[in-house]
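I'd like to ask some things about the structure below.
Letters A, B, C and D mark the chains as written, and numbering starts fresh at 1 in each.
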Amino acid sequence: MRIEENEIFNKYFKNLSDKERAIFEGGISLGALFHQFVGTPVNKKSKESLEKAIEESIKNQPFVEDVRVNIKNVEEKYKSLSGDMLYVELTIKVNKIRVYFKLEYIKELDYPLMYIEKIEKL
Amino acid sequence: MRIEENEIFNKYFKNLSDKERAIFEGGISLGALFHQFVGTPVNKKSKESLEKAIEESIKNQPFVEDVRVNIKNVEEKYKSLSGDMLYVELTIKVNKIRVYFKLEYIKELDYPLMYIEKIEKL
Amino acid sequence: MRIEENEIFNKYFKNLSDKERAIFEGGISLGALFHQFVGTPVNKKSKESLEKAIEESIKNQPFVEDVRVNIKNVEEKYKSLSGDMLYVELTIKVNKIRVYFKLEYIKELDYPLMYIEKIEKL
Amino acid sequence: MRIEENEIFNKYFKNLSDKERAIFEGGISLGALFHQFVGTPVNKKSKESLEKAIEESIKNQPFVEDVRVNIKNVEEKYKSLSGDMLYVELTIKVNKIRVYFKLEYIKELDYPLMYIEKIEKL
């Protein structure tokens, strides 16, 4: 991104602290990931390439430092990717703040939950 | 949601202030909205029903107080919904914090930007 | 669509009979519908607006004469739309051929199946 | 797939010739591909992994013999995958019939067109 563009971006985010910005961007990335890829046909053979593509596409989002995607309960026969099959670890870094996010299926809730595991000040 | 479920949920979010929780949930909802609906065929006739369905589906997300969706640059002939056609106003309320989010195409950036317009303490 | 555009389109489809064209377009519409909307948050309150928006968006596709969408097993609490919740009847008409398509969950297969119910010559 | 399942499947498709079945399945796969992946963030670095994942996921669909995906007009800076960036070659084989499908952006129509290039009897 060119410098002028960066300045325009920052104008829109000067009302947020680095921590709040990180939390916002992590939320966007998790919502994006879930709703972009749920429904994709997947089986044992295609699992790995799908995990990699999800990771690479989410790395495109602003401030993403790292992302690991693990697709669970895949079978020989293909099925549509559903939210409860997703296990995601995402790290967002804004200046000296690093936030660790997780998306995982919580059995007690019967729900794929997105939450924040840890916030680090570097 | 039953009370026990609520308690389980809260366990995962006790590391966030109400403001941070609101920012996180707003990010998720905007990321979800964008990536769920971009690509949908739309023209002048179907614009209104699509706006309404996006609003109703996002109202399902936790803590959403209000959401308004306006799809711009729709034509007689159908085309695929793209990010630059979306104009969204979203309000998230967590206890005594209300956060106003916006998704709009920013011409200078050639980019559909998600950002926070205002944070209110009630 | 203007006349010249129609001629360009037809150039690409002159290798198909009306029946084959109808079958092709119905397949596209069902694949589109499934993969566009699976993952959308839905509950009892938003069910109807989502059904309507899916119908309206699919009516945008070429040669669609009619489409009815019924979302099944919706609950008070929202969940992500999955393929097994979809029941769709679609009619495609190309000149004097009308083809009736269906998308429905087949229990014996544990699979949301897209198939052709009937082909009519008018 | 187990033999009994195959028999159940075939029951639903006995009203179609092999050629018609191939045309139907190709339509579904192209509609699925387009609407599943349009909107995915992509740039030069992630282009290849996304192409591969799309190919692998579509190979999961019934009767797909081969599929090649080429994402065009990718830049350093990421953007959302749009239909006009997709170039896809898909081959479906049902018994002794092979059908070659294409999805490509047609400039004269300003439209990403799905069509059938060739039908082969083996």
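The working rule: a residue touches a chain if its C-beta (ideal position, glycine included) is under 8 Å from a C-beta of that chain, and two chains touch if they have at least 3 such contacts.
Bear in mind that the values here come from a model prediction, so they are computed numbers and not experimental data.
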{"item": "Identity of the chain that, by mean CA position, is farthest from subunit C", "value": "A"}
{"item": "Chain pair with more C-beta contacts, A-C versus A-D", "value": "A-D"}
{"item": "CA centroid of subunit A to CA centroid of subunit C, Å", "value": "31"}
{"item": "Separation of subunit A from subunit B, taking each centre as the mean of its C-alpha atoms, in whole Å", "value": "17"}
{"item": "Between subunit D and subunit A, distance of the C-alpha-averaged centres to the nearest whole Å", "value": "27"}
{"item": "Multi-partner residues of subunit D (each touching 2 or more other chains)", "value": "32, 34-36, 39-40"}
{"item": "Subunit B residues touching subunit C - in the complex, by the definition given at the top", "value": "1, 32, 36-37, 39-43, 45-46, 49-50, 52-61, 77-78"}
{"item": "Interface residues, subunit D side, partner subunit B - complex", "value": "34-35, 38-40, 80, 82-83"}
{"item": "Complex interface listing, subunit A residues touching subunit B", "value": "5, 8-9, 12-13, 15-16, 19-20, 23-36, 106, 108-109, 113-116, 118-119"}
